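One chain, subunit A, appears in both complexes that follow, with subunit B as partner in the first and subunit C in the second.
What follows is the complex of A and B.
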């Protein structure tokens, strides 16, 4: 005890620093373990994709694919419609993203900055229907889209996702945060309402637009239920539908399955790596942080 | 707007009548621009969301199939729902799925977030790794889990064998729904972990400094500070995660094809079967969809109340 009292300030600080370091170390151990568990399935599938069919089943499993076997990838790329599926997914997702960012930011501008009759009701309706998933609407949506004669067209894949009100609600939130002085000054300068939106508001909310684009693109990349129902022809299958068909038909082909899983994650993985910050903001925007 | 009138020769002062007319004109203009900006998105919203919701109600009161004739049958579809083959099982499966997955996701996410929020360096690497499964489409995730759960060479059974146990049939009737729920945990825990991290970082630092000075232990800081402060956020996450959980379909289709039997046939799965399977029960499909929609709308109302209460109006 006498010694404890005798500790000078410097020793105290050192003791606390050491305790802090140990705690930090403990956190790293736990988080490292969690990350390992979450990532392990990816490695296991990557491994399987580089083995031929006898090697996949062998026990004990090889933990390093040496020598690697590329036959699964060759089969996937040349013998299935994979490249076509990938093109369809990227084409549809890009179209939806471009259209929706444009439409949603315009709607958000109207909801945030212009007073017009019915605005409150429109906004309330959007909030109420915000969470209703396309999966629960497939019966009427299918009959609607087929009565337009759009089943098995790109339009059938592109138009229905535009209905989701999340983007308009988010954009309204972003635009509400802009100072009023700017647009008032622009209005006095005689700019039209569209010019104010296009030349003043859009540049100011660019970060928000990027986040919105990331949200829409990833949702579209992952969407399955509607594309499954809206298309029956092989030419129009998107990635998720094509992979599900790969699983459903032609027996168990683990090599092909693993290769398709790996290849389908390449584009979204690259996007994620480049746009990490925006992707992580998705977690917050999805929750409509006020 | 008044400038043109004011600079008109001899028109420097406006009569009351002119004044009103100009104001009306300006107002009309504002109405038109407002709706013009809103219209493109709103039209899509009405056609592809509002109409289908109303359509679900309409279809749910009819019998017949997608291709053929349908006729009005009143509430029969709803009354028969508990006895319809597969419908009750689908609802039960979906609820059990949500009941297993949602608490596991959120407790796991909260635990990860508490660690991640306090870490001093290297946080971005963990965030990247933990978030990555979130970006995997359900179909692909299910495919990956076929490799986890395969009886012969799956990673799970490799681990079981290494520990000296007997191989387990993971996708058999006993475990399939649980495995499906765990797959969902794997896919979603990162999303909510990062959501919670942002919330925790936003908590007032002074409270924690005060608690530390008072000698509060880490556990009591969590119990009496962090959790109460996050109450609303956590509740919000419960609601949204449940809404998402109720929509499970693609993973069930690819991982287990709804089986064995109907062990993993969920609500949307069943709707799809009714629509395109041999059964062709369009009314029943809509009735069961409507049950799902109503459940989601009720949860949405709870969520809206939560957001409203969080200060700052809508």
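What follows is the complex of A and C.
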């Protein structure tokens, strides 16, 4: 083609380079646009949290909060129950995460590696349970929890999420991927079934445990419907419920809402930052000849 | 665990061992006695039950019926760790999250042995296997051969009564495999422990084992020294499985002391007339004038030897081993003879008929 329109090799190469540059540029534009769409709302909220209520609606909007206004944060921390909500949320989410990662990995080990009667049925029931929407469970769950006398207790927030089968199914898949010879070697080394789980399986599925912990923690952190129903006292309110209630009490205070949104992102951010390096746990490579 | 030092009976005794998975029979009536210090190869094609048998001995699987005795004790109900056996797995099964030293010392640590003693034993094993420089590395930082040696070392540190090895060399490349083969034999001589070695590679079995147990479809076909299996195969399966290229086989009938089939040959006297299979190893077929005429199809040169794949006028295929320097080429006519003393005869069920002339 190039020869046909009389270009020599050098011109041809230059043309190709130019084309590649345009392609690269186009790619960056698209990526930049996507990044903007993703980041813009966060920035808007951050911005709004640092402005007072008149400034939020001023036109044209200021893109930098100079000087920043910290009144929203002061109001949030001292005039609302925010710190209490935060404590409740962290306490519940951490308890659920720790308990659930432990239980799910044990259940996953049993489902993946131990032969017991009714294993298939148990697994099938768990899969079916996955398909039941939370809405259908709320009423029976409430009557169950209230008949145990647990309404308005931390246990009401901690116990029900433990029964979610997703984690155990996820762990089963992870553990199924471990070679059987590893357990056999451990068995010959004199390890009990629990010791195999604890000393061999757990260290090897660490990336899976981290994924599960992230899913559970964020899920608990953001869960709204069940905490709303299971607790009525202010003492036990979690972040989501508390922030929603701000609207009822404080009217349309966008600055306050924005500040609460920003503050509630902090623990999740720290959580991700801490666990990030755990994703890079030593892989299975080297256990077996590939 | 205390080892019965005064015990002098067989190291391992298998009595009518059977294993079924549902309706599938994996092992059927396996009987075997292994002497202390013996190196036994369990040989057979894949799916013959050899690995299952090894797992049963290790206690990693439950047997359906029969008895397993290790050092004179009934082991059927003993846990793997109580059987005083160590196993080397085909894919090594090293703990990826532990260093070489931790991998080697783990079984000792688990049995509650003092830390200093563990360290000493790990160092001894590491030196024996030339792993001294790798002790602080993780399995994924080792080469295939090194991982193999760690797997071996993990078995050695336990100083078990019996070593069980499940195709430990099959994942190594050809050169390393030959090297490790010799190393394993040396190791066995040095350590002197009873070893059961599973392999599908007849060369491994022939070169390493004191005795070979050849299996097929969960049944032992023959137990004997490598030479016995080669010279006097118990049946047609053994004759074809052991030896490369395999024994030449022809089916035909015995009539008046002569074998009539795709070839004709005088057979040992005293054989009853009937359907038989006649076998002869490629190196025992003689090329001599006045024999049965055949035409060469293919000449396979493997260095010191050459194998002539030939076909008789009746269409019977046979392989003849000749000197590597042979000038024979495709299309050449040869005359072949079958010396009486090298003929092996199998009845119509495929089992060997012993004859007086065979040597």
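The rule is simple: the second predicted complex is superposed on the first by the 247 of 290 C-alpha atoms of A that agree within 3 Å, B and C clash if a C-alpha of one lies under 4 Å from a C-alpha of the other, contacts with A are read in each partner's own complex, and residues count from 1 in each chain.
FYI, a residue touches a chain if its C-beta (ideal position, glycine included) is under 8 Å from a C-beta of that chain, and two chains touch if they have at least 3 such contacts.
Here the structure is a predicted model, which means the values were calculated and not measured.
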| item | value |
| --- | --- |
| Contacts of A:189 with subunit B and subunit C, given as first, second, both or neither | second |
| Partner chain in contact with A:179 - subunit B first, subunit C second, else both or neither | second |
| Touching partner for A:165 - first (subunit B), second (subunit C), both, neither | first |
| Between subunit B and subunit C, more extensive residue contact with subunit A | B |
| Contacts of A:132 with subunit B and subunit C, given as first, second, both or neither | first |
| Partner chain(s) touched by A:203 [first = subunit B, second = subunit C, both, neither] | second |
| Partner chain in contact with A:41 - subunit B first, subunit C second, else both or neither | first |
| First (subunit B), second (subunit C), both or neither touched by A:264 | first |
| Intersection of subunit A interface sets (partners subunit B, subunit C) | 283-284, 286-289 |
| Residues of subunit A defined as touching subunit C within the complex | 179, 181-182, 184-191, 195, 200, 203-204, 282-289 |
| Subunit A partner contacts - residues on subunit B that touch it in the complex | 30-31, 33-35, 37-38, 40-42, 44-45, 47-56, 58-59, 66, 112, 115-116, 118-120, 122, 124-133, 135-140, 142-148, 150, 152-153, 155, 158, 161, 186, 189-192, 194-195, 198, 236-237, 240, 243, 247, 249-250, 253-254, 257, 268, 271-272, 275-276, 282, 285-286, 289, 292-293, 296-297, 299-301, 303-304, 307, 310-312, 314 |
| Subunit B contact footprint on subunit A (complex, rising order) | 24, 27-28, 30-32, 34-35, 38-42, 44-45, 48, 56-61, 103-104, 106-107, 109-111, 114-117, 119, 122-123, 125-133, 135-144, 159-160, 162-165, 167-168, 193, 197, 218, 221-225, 228-229, 239-241, 243-244, 247-248, 254, 257-258, 260-261, 264-265, 268-269, 272, 276, 279-280, 283-284, 286-290 |
| Residue ranges of subunit C in contact with subunit A within the complex | 55, 58-60, 79-81, 85-87, 89-97, 106-107, 110-111, 138-142, 144, 147, 154, 171 |
